[in-house]
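First up is the structure itself, then whatever we jot down about it.
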C-alpha cells in the first residue's frame, strides 16, 4: 500500500518534470544549442558538485521558510499572499539593525537581527490578520495590496534616511561583520540553513503532532465547525498569521545576513522569495515535507540556471521558460492518471486503498 | 489642461486595462475558477500585439494575432485547470512565469530592448474625439480623446452585466460557479461553460494588453504590465465579481493612481510615498465596506464560501 | 410487470459492500417505501437508480428494458427523478429560474419571417410556464421568490416541480420529511397522493414509520445492504417493520416521572434574551426560560420561529443584543463557544454538517473536537494519538457507529451514523447542561431509541437538558415542561404531563392559551 | 573537474557580467557588449556575456573557470572588494584575474591607498555631459518658437514654459549625478539669459513601468514642462513616446537613442561603456595590464565615452528660419564643453560623493528635490 502510494506520487512528479525538460530540450535545440550538455551542467553543478549542492541548500534556506509561512496559512484556508512583503520588510529592518548597532558580540548581534526580522514580519502580518479576524476583510486582497505598498515604502526608506550615501546605487549600509552569518566549509552555506531546518522540524511537529496543527486543519476545512467546537477562529487566525509573519520575516532576515548583507531594491529577486514560497507551498501541497523537497528542487533550478549562463550559450530566459512549463505541468498532478500506461497502477492503487 | 481635468482624464486612462481584466476575470470567477493567469494574459496581449504590429505593420492584424495568442494561453489554462483538474492557482502562476519568459526571450532573441511602434503608429491618431461631448469645456477634456478600446471597455461593463444576468449563458455560468452539482444534475455542460468563461477572459485581457501597449503608447517593454492583472483580481474580489461593482473598484484604483501621479508633481521629496496611495486606499475602502457589512449581522464566526 | 426493477445489483466501496445482490421491483403508479437502519444502503441504492453511482454489478430495468444510467441526465431522460436531502438548488436564483434551469425559454426574434432563437431569456414566459405547473399540482409556491429566502418545505417543492417539469414518471425521495415541519409533512404526503393519482410512481425512503403506514402501498426493508423483507403495507404494521429492521423489539422511550414543579435548583436561566437578524429586525425577543436540575425543557415550534437563532445565541454563535444568561448563577451572556463549552455545556447542533462535524477529517479528529484541550487527549499542546485511538475505538463500539474503517473521513458515513459521532462526543464529555437541537433528525428508529435513552439517563443524573425539536412526539415523550416558540417569542410554557398535541399545535400556530382552552373540548386524536 | 582546487586552467579570455537590465538594453550593457564584439573582431579575443542574479557567485565562478579579465556592470562590490560572511574578498581569492567595475570606486582604503591591485574602477563624468544637456535644454527652450515649426510642435511659451523635468529610476548617487549636473547646466544658461527656471524632478519612476512613466510625463508636459530628461531605463522610452504624443521634447540617456523618435529626442546623454571595455581588453591582449590595474579610470567629456550626441537628428527637425539660431546654440554648447574641459566650469560630481547645494543655483528652483 505504502509503496504503491509512493510510486504514484513519484510518478506524479517525475512525468511532469520529464515532459517539461523534454519540451525545454526542443527549445534549446531550436536555438542551436546542446540540451544534453545544458542539462548535465544544470544538474551536475546544482546537485552533484559539493560546492554546488551546498549552494543549492543555501539558496533553499529562505525558500523553506517562505514556503512554510505560506503553507501554514493555506492549510488554515487563509489565502495569504503577504509573505513576499513580510520577507522584504523583515530583510529591510534586519539590515537597519545590522548596520546601526555596533560593538555587540556576534551571538548577541545575530540574535537581535533575527528577532528584528521576525518581529517586523509579525507586525506586518498582523495588519491583514486583524482586518480578517475582526472585520472580515478579505485577506487575499489586503495582503496583495500591502505587498505593493511595502515595495514603495522600502524604496522610499532605502533612498531616504537609511541610504548609504557612499554607494552609487540605492542601498542601505552593509551590516557589520558581527551581524553576518559566516560561510561554512568554504562554501555559501551558513548557519541560516540549519536555522531553516530547525524551523522545518518544529513546523513538522506542529502540523502533525500538536493541538495547534489540529486546529489549523479544522479551521481550514470547516471554520464554522471549528468555532462551534470552541477553537476561537479569530484568535487562531491571528496566531497563524503571526507565525507566518515571523517565518517570512525570518526568511528575509536570514537571506540578508547570509547572502545580501545590505538591503537593495532587488533584495528579494525576481519573482521574489515570497512568490517562490507560494509556488513551493502549492507544489508541496501545504505539507512541511513537501515544502522542504520543493524548496530544494527550486533552489537547485536557481543554482543550475546560474551555471548554465557561465558554461553554455543558452540564454537564461530559456531556463525561465522551462521553469514556467515545469510549474504548469506540475500543477496537473493527475496528468499521469489519464495516460493509458498508468491505468494499471491506478486500479491497483484503488483496490489497495479500500483494503487498508 | 487644468489639474482636475488631468486627474479625471488619467483616471480613465489608468482604469481601462484594469476594467478589461476585471470584466474578463470575473467570468472565470463566477464559474468558480480563480484565474491568477490574468497577468500573463495581459502580458501576452501586449507583447503579441506589439510584436505582430512591428512585423506586419498593421494595427488591426496585430489585434487579431494578439487575441489569437491570448486565446492560446487561455486554452492552456483551461486544459490544465479544467480538463486535467490541476491546481489552477499553480497553473496560473506557471503561465504568468512562462508568458513573461517568452516575451523576454523573444526580445532578447531579436536583440531588442523594447518594441517601439512609433514609426508605425501615431498615438495621436488612435485617439477618438467624441463629437457631442467635444464642445463642452470640462467634460470634453475628460471624456473625449480616448482610444477606441477605452470606450469599448466602459461599454463592456454594461454588456457584461447583461450577458451575466439576462442570458442563458450567463445564468448557466453563475449556476456552475454557485452549485456545480445543481448544474450537472440538470445536464449543464459545466466544463464547457468554464472553458468559455476563461476564453472570454483571455479575449478581454488581450484587449487590455493592446490598450496598454500598442494603442496608447506604441510601445512594449518588459514588465510593463506591472501587476495590473493582480490588481484586477483584487478588484474582482472587492466587488464580489459583480461587473459594475468590480469595475468601480477598478476605476477607484485608476483614480488613486492618477491622484498619486498628478499630485506627486507638487509633493516635493515625499512624492515617493504617493505611490502607496492606490494600495492603501483599496485596503481602507475594503475595511470600510466590510465593517459596515459585519455590523449588519449578529452572527459570529467564519464560514467557508 | 414492474415500472422499475433491479436485478442482483451490487455496489462496493473498496472492499466494503454497501449493496449486496439487491433485486427489487417497484410497481407502476404505486408508492413504495424503503426502510432500514442508518448505513443500511438505501441512499446508495437510490443513487444508482438516479445515475449518481455506477453499480459494481447487476442490472437496472425500466419497463422491462435494461438501462444504463451514467448520470442524472440519463436518469431523467429515462423518466427517473430524485429529490435529494441536500437540495441541488441555486440560492441566488428565483424559484422559476431554478425550475427552468437548463431548459430556459429564450426570447425569439422574427427575422425575415423566420423565428430565430436569441440569447436572452424570456423571463415573463418562464414565470407563466412555472405558474401553470404550480397550479396544476396545487403547490404552494411563488415563482418569483428568491430561493435563499424560502423555507425548506418550499425548496423541496421546487425540487419536485423541477422533476415534474422534466416529465419524469418515477420520483425518488430520500428522507424528504426529515427537515420538514409536521404541517409540511402532511402537505407533502398529500402531494404524494396527488402525484399517485396522476399516475406517477414514487419511491420513498424514510425513518418514520407513521409515514410509511400512511401513504405507502408496499414496503421494502434493507439491512446491511441486503433485502430482508418486502410486504404490502396493508398486510403489516409499524411494529413488525421496526422489528424487522432492527432485529429486535424497539421501545419508545418516554419520560415516566415528569416533574414540572420547578422546585429543583435552577442551573440555567435566560432572562429577556433578544437579538436581531439585521439592524432593527428582531428575530428573538424577551426570551426568558429556566432549566432546573434533572429537567428536560422541550422547545416546540414551527421551524423558522427563532429556534435556530435561540440555539445560536446560547451556544455562542450569535450575539444577543439584550438580556442575560446564567449558568449555575454565573453570567455567561455572549460568551464565545470556547468558554461556553469550558463551562460544562454540551451541544448537539442543528446543522450537523456545518457546526457539528468536519466531514473532511477522520472520526478520531471529530471525536476529540472541543475536548482536544483535555489532558485526556493532549499534553502540553501535543496530541496523544494512542489514547485518542483507544477512546475512539471504544466509542465506535459503544455507540454502534457503522464505518468501514476507523481512519476514514466522516464524509463516507451515512447521515445517521454521522449524527452518532456527535452524540458520542457530547455525552462522553458529561455535560452539566445539554443543548440538543434536532438530536434524532435522520436517525433510524433503533438509534432514536438509543439517543432518547441517553438523554433520559442524563436527566436521571440530575443534569439539565434543553431539547429543541421539530418532532412533536419527541418533545412530548421526553420533556418535563414544554416551551413553545412563535415569531421569536416564547408564546407559552406548558406542563408536559398535562398538555396535548392539539394545545401545542395551537400554540405553535400563534394561538394563545385562552383561545386554546375553548377549542380543547372539540379535539381528539 | 568539480569541487577540487582546479589546477591552472587554460586562459578562457574575457567575460562580462551585465547589469540587471540585461544585454539588450540598447544602452549601458549593449554598448559594453559592442566593445567586446569589436575586441573579438580586431584582437581575436574570445568573450562570454553572463546575465547573473548572483553577481558575487558569478564573479567567483568565472574566475575559477579561467577567465582572466572580468567586467562587471552591476553595482555589487561588497563580496569582491571587502569579502562578506567571513569569506576572503573575491579579488583576493583570484589574484591572477583582473576585475573591472563601473560607476564607483570602492577599491580604496581609508588612507586613500588601493585595496586590490587586480581591480580597476571605471568612472564616467556624466555630470559634465548632463551639464551640457542642461545648458542645451535652456537654450532650446528659450528659442523654441524660432527653431521649430509651430504646426509640428506645441511648446508652452513664456514663464509657464520655463520648466525642466527630470525622471530618475531611483534616488541614488548614480542617478542624481545626472540630475544635478543637468540642473547646474540649466542654471548656467538661465543666469546668462537672466531668466528663472524651475526644475521638477521625480526620482521614483523605476526602470521598467514605461506606462506609468508615460503618464507621469504627461502630467509634467501638461504642467508646462517642455523638455524631460529621464535617467530611468525603459521608462525613458515611455517618456519619449509621450513627448511625441504631446509634441514636445525628451532627453534620453546611455546610448545614442536620438533616432528612436527623430525630432522628439533633443539629445542623448552618452555613457559609452564600449570605450573602456575595448581599451582595457586591448591592454590585456597586448600584455600591458600593468598600465591600468589598481587604477581608477575616469572618462571625461574629451574621452568620447561620455558627452551628448552630435545633435544631427534633432537638427533635421529645425526649421529653415531657425537654422541661424541653431548654429549659435551649437556654438555655445561647444564653448561650454571647452570650458568644462578646461576646468573653468566646475560641475558637481554627486557620484564621487561631492555634495550638491541647490540653494547655490541662482536661476533654477528645485522645489521637490
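Which chain is which? They are A, B, C and D, in the order written, and residues in each are numbered from 1.
Just so we're on the same page, a contact is a pair of C-beta atoms (placed from the backbone, for glycine too) under 8 Å apart; a residue touches a chain by one contact, two chains touch by 3 or more.
Every value quoted in this text rests on a predicted model; they were computed, and no experiment measured them.
Enquirer: Farthest from chain B by Cα centre, which chain is it? Let me know.
Expert: Chain C.
Enquirer: Which integer distance in Å separates the CA centroid of chain A from that of chain D?
Expert: Centre-to-centre distance between chain A and chain D: 36 Å.
Enquirer: CA centre of chain A versus CA centre of chain C: separation in Å?
Expert: 46
Enquirer: Mind checking the centre-to-centre distance between chain B and chain C? Centres are C-alpha means, answer in whole Å.
Expert: 46
Enquirer: Where in chain C do residues touch two or more other chains at once?
Expert: Residue numbers touching two or more other chains: 317, 336, 354.
Enquirer: Out of chain A, which residues touch more than one other chain, so two or more?
Expert: Counting only residues that touch two or more other chains, chain A contributes 155-156, 159-160, 222, 224, 227-228, 315.
Enquirer: Return the residues of chain B touching two or more other chains; collapse runs of consecutive numbers into ranges.
Expert: In chain B, 104, 108, 269, 272, 275, 300-301, 303 touch at least two other chains.
Enquirer: By the touch definition up top, name every chain pair that qualifies.
Expert: Those chain pairs satisfying the definition are A-B, A-C, A-D, B-C, B-D.
Enquirer: Tell me, which parts of chain A touch chain C in their complex?
Expert: 209-212, 214-215, 217-218, 221-222, 224-232, 350-351, 353-356
Enquirer: In the complex formed with chain A, which residues of chain C make contact?
Expert: 12-16, 315, 317, 336-342, 347, 349, 354-361, 365, 368-370, 372-373, 378, 381-383, 385, 405
Enquirer: Going by the contact rule at the top, pick out the chain B residues touching chain D in the complex.
Expert: Per the stated touch rule, the residues are 1, 6, 10, 13-14, 104, 107-108, 111-114, 116, 118, 122-124, 212-213, 216-219, 221-224, 226, 257-258, 261-262, 264-269, 271-272, 275.
Enquirer: In the complex formed with chain C, which residues of chain B make contact?
Expert: Touching chain C: residues 163, 166-169, 171-172, 174-175, 178-179, 181-188, 295-301, 303 of chain B.
Enquirer: Sort out for me which residues of chain A touch chain B in the complex.
Expert: Checking each residue of chain A against chain B gives 31, 77, 131, 135-138, 140-142, 144-146, 148-149, 152-153, 155-156, 159-160, 219, 222-224, 227-228, 233-234, 271, 275, 278-279, 282-283, 315, 317-318, 320-321, 323-335, 338.
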